[in-house]
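By written order: A, B, C, D, E and F. Residues from 1 in each chain.
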């Protein structure tokens, strides 16, 4: 029974669903604990369908997006927290970085997942990455005794962006999500404002499943998610 | 009890000792099987001390190098095989690549370790890398049924070169070799012709141990070895 | 009415179908001329299904693969030529490079398409790339009067490999293949030995279509193919 | 007759002249509309000659620089706008980014040109790049319906910096400016405060002309400008 | 007798000791002048041992760290200045960048050393790099007459980070510190709060000494330090 | 008075003139010894003008090219040697690599200059690079006593290719060739078959002179040549 803790930080409340819900489900299915943190609700930039409704308000969009993300997180066994920092643009000030670092010190994650450093199609994803990377370092300090409260360093990975090659995203590890794929489908179904992404990310799961089969020869893999480790991990044998 | 099989291929008979003996020892200590393949004995370029003896012959140098490598491999629980293709320069022709592929089809390794693709300080290391990479692909085919005998695709990693940054070597995984470090020391002691490298690679083990401590916060790690995965691996959870 | 000439060179007879058949169809639909050159039939490594038949022979496999490729090429309006150099491994000697250069001098292509330079999953694709790159340079010389017959320099692009990020493939141009997509489907249908790839590359066409929509805002695009220009092109305005 | 709109954004009022005036002239000669936006006048860092005059004031320098840039823009058929944000250092705050995004939403450019992301010789060029990249993304949103006004995504290219290799600038497209070269010469002549750059960028036009000849074999090209596409473009055939 | 001036800027008061004290000592031994600038004292993140003392205060930690750094600087012949901007996180505002630029204009260094641009293990090192790079450009202007006081452009190098490959640090020049190594040992001994680093950086000096011997064949080199030039230098012959 | 020895190896007999003649002249003017080695005469690919003469023969072209190169080398104080291995394509077999290594063992150069590793416009330049890199490593061995004759490791740099950015050429050192520029002009004048390159490379010398002024602030520099160090050099102070 795993006792590992995973934190997934997205710029917008739905980001974790498409790119990491399978890995979250694998993690919690194995007994681990997971929290999803949304820096914003994507209320302006990624909720177009909701804005088509006459009389729509920003508060109502946020309320709906919160409920959807909570439901999606629940589908993969995770808790959901929102910082509501605003989107398009997401601008994460020093105090929000410090707040995120405090959350990390409290939760002490073994593994942190977020967006890649670059994304020429989205102004908020790199802002989220920078905030998470900074908070993570402020959480652990220099790996020696410090003059402030710390938590141990976490593994740090990025999940797959929408156009991987143009974000310099190179997969270094595939998670076989075949056993939990139904949970991911359920999580995706919860994001009603972005149903056009379900087919797209369903195809991605198939594609990465194909890649994971290719690299292992294991024909039992059907779906997978791709991640890039930003730092070496430590193992007891290869 | 692991049933994994590891193959380590070096350009010269001693290469595996300095860079991967710890990982081999961890592997065999866990129950895995390991074979070390030396493409040459390093008889011309890396046996300088032996050539200082009057009347030395190439055959005698090879004989001594074979015995040393066998002893070092034994110290970490591995079998040693030599292809004796000549060094400085090592030139691996098509038939030797095919022979290596046959060895891989027979042994069906789960993991293959070799030199990085580039090394501006050594003409033979890149030649070894190219041969291993080619043989590995000929072993597994395209991951579909083929018109020739295949073995499943293996994990593929490079071990640390002498001047890592100048070989574009970026560690992606550290193996904690603390529990088996005495075996690596013993393996290094077997290479009498290159005793000047013992201190150097002893310091490397300390340095990578420091890095592995930093990245995990685990103060119990004393020595480590660094590797770079060339292909994603597949895991069931992060 | 275009008078441009396109040459597509693949390591195996089916390679052009999955990655470039749409671009070929666009080219010929616009009035251009296209030739597909296969360095081998992929008879050993990519014809697994055919080898399942009892009593199968290499000659028969090649015969079937030739017919399939010819049919697929025809479906997108191209001529098919095969060099039959053998696969797994494909080893392109100097004389075959020279032969390819002669074909280029005769055909004088305006644009040449082939595999990317790197592919850690396939030994033959990089060999094909190297041969094409070399032949292309021998075709055009140094861009000045030469002591041998030349043809003008061609545009040079690579088509999408199976695992793009791991081949360092970065799309620099998308071809909107929506108007000709049925021809590509027909070409894919011709490759009976590799039907498992139809769904995979169908999804790729959708994915790249999505990317092409994203980058232009043009909702009329449904399918696309991705290419990477290896050299600048020259335009009269941006 | 082209109906495309081009926006060129420079850190300083003269930047567009040296690196992109030819492309602007080609664009407007083809019937397109062009606007040049200067984030600052380069009044402190790039107007040395003007400061040699006794009694010179910042306001007067700006006045002269505005007139020169307007004249240069006019020579290549473009409109000139200045944001006057100050130089050395240029610091573009969030409100200026938003203002630039508003200008983009109003103008709805098909193509945007600016400085490369890196320039180890100039503190203002990367600041300009970051602001333009951010504004461009805020302009178009995520490519789906948004809760704010958007304009379609534009093509995004960087123009040539002073020391290309040290700015990681790799040309991906050359514009043949031979037919409009006299306009560029006229635009360069308007920048009296930097006449030392005329010979330098005249030579650059020759050099890139040589490169464009080499890559096409078209001996009619005399002058060219080099650009790097940051995102794939979409074409109907290669 | 050298009249060159060297400025070393570290995020924390001890940074220069481990990575550049040898180069400073060589510089001053040759007659050059050197100043070490510390942006912070590393009082929170790198003074763990001092915080173990009961009743410790931030002011006292800073006092001790100042004295230690002054002593270490003195051991290698340099002056020490501290900006006391705070650490973990170090946030260098525009006014501090301007202050650093003023110090550079006053001192007019021929060579500036600082941290690499990236460091995934330390939040303050990249902040220091960015500030120094920015200040350095504001110091020299565009290399032409300017509307503000300037100093000539300096050579710009980064010193070795703790985990070089993960910071994209590639050595481009080794300084042979054999003749001054005792001064570096003395400087390291002055940093009592970080004695655990002495052995680590002692091993680094040996390792880089080995690399410097390898690249020259000069067996007289015992210890070296590694640096990466960020800009070309100019020589009168190779 | 320098006693350093420089070896410049070009694919074709004229290559050294355009890219390195200034550095050679600086070297010999300082008292150093220099040898230029041409792997081929460029008789097929770079002697177009000579082939325009009716009745021209390959032998005659080679004779003329030998004389021109000898004259150019003499103009900058160097000796000229030709291996006459053929061009377009230049194919350097193992025995020619060994021959080049023998030349290096005999001459024991302190510095070796050649083409960059990549050149998408020329098939022979990368072939020359590979041969020189291989020969250089076979010359020096592993930096320890060897079973064969060795010479000490040399500094290793590449000279500027025709389209630098497309060859991944990044200058790391500029040689100020102002004092010897007349010799370079004389050397260029000797290459009558390629007079179209004189203006081009004259402009390059101006451009690199501009860059060298920018990076130093030294207004006395008029012409320069750019080189990229492939390996760190060792200095006694920065």
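Quick notes on this one:
One rule holds for everything that comes next: a residue touches a chain if its C-beta (ideal position, glycine included) is under 8 Å from a C-beta of that chain, and two chains touch if they have at least 3 such contacts.
As the structure is a prediction and not an experimental result, all values here were calculated from the model.
The chains that touch both chain B and chain E are A, F.
By the document's definition of touch, common neighbours of chain C and chain F comprise B, D. The interface at B-E recurs elsewhere; of D-F, D-E or C-F, the pair that shares more than half of its residue-numbered contact pairs is D-F. More contacting C-beta pairs link the chains of E-F than the other of the two pairs E-F and D-F. Seen from the Cα centre of chain A, the chain whose own Cα centre is farthest off is F.
The two sequence copies chain A and chain D touch through a face in which the numbers common to both fall below half of the numbers used overall.
Taking each chain's centre as the mean of its C-alpha atoms, chain C lies 37 Å from chain D. Distance between chain C and chain E, defined via averaged C-alpha coordinates, is recorded as 52 Å. Counting partners per residue, chain C has 121, 143, 166, 171, 211, 214-215, 231-232 as the residues that reach two or more other chains.
Taken as a graph of touching chains, this assembly has some other topology, since it is neither a line, a ring, a star nor fully connected. Those chain pairs judged to touch are A-B, A-C, A-D, A-E, B-C, B-E, B-F, C-D, C-F, D-E, D-F, E-F. Residue ranges of chain B in contact with chain F, taken from their complex: 43-49, 51-52, 58, 61, 88-89, 91, 120-123, 166, 196. Chain C meets chain F in the complex at residues 94, 97, 133-134, 137-138, 141-148, 156, 230-232.
For chain C in complex with chain A, the residues that touch the partner chain are 121, 162-166, 169-171, 200, 203-204, 206-207, 210-211, 214-215. Those residues of chain A lying in contact with chain B across their complex are 2, 6, 23, 26-27, 29-30, 32, 111, 113, 140, 143, 152-153, 155, 157, 171-176, 179, 211-218, 221, 224, 226-227, 229, 231-238.
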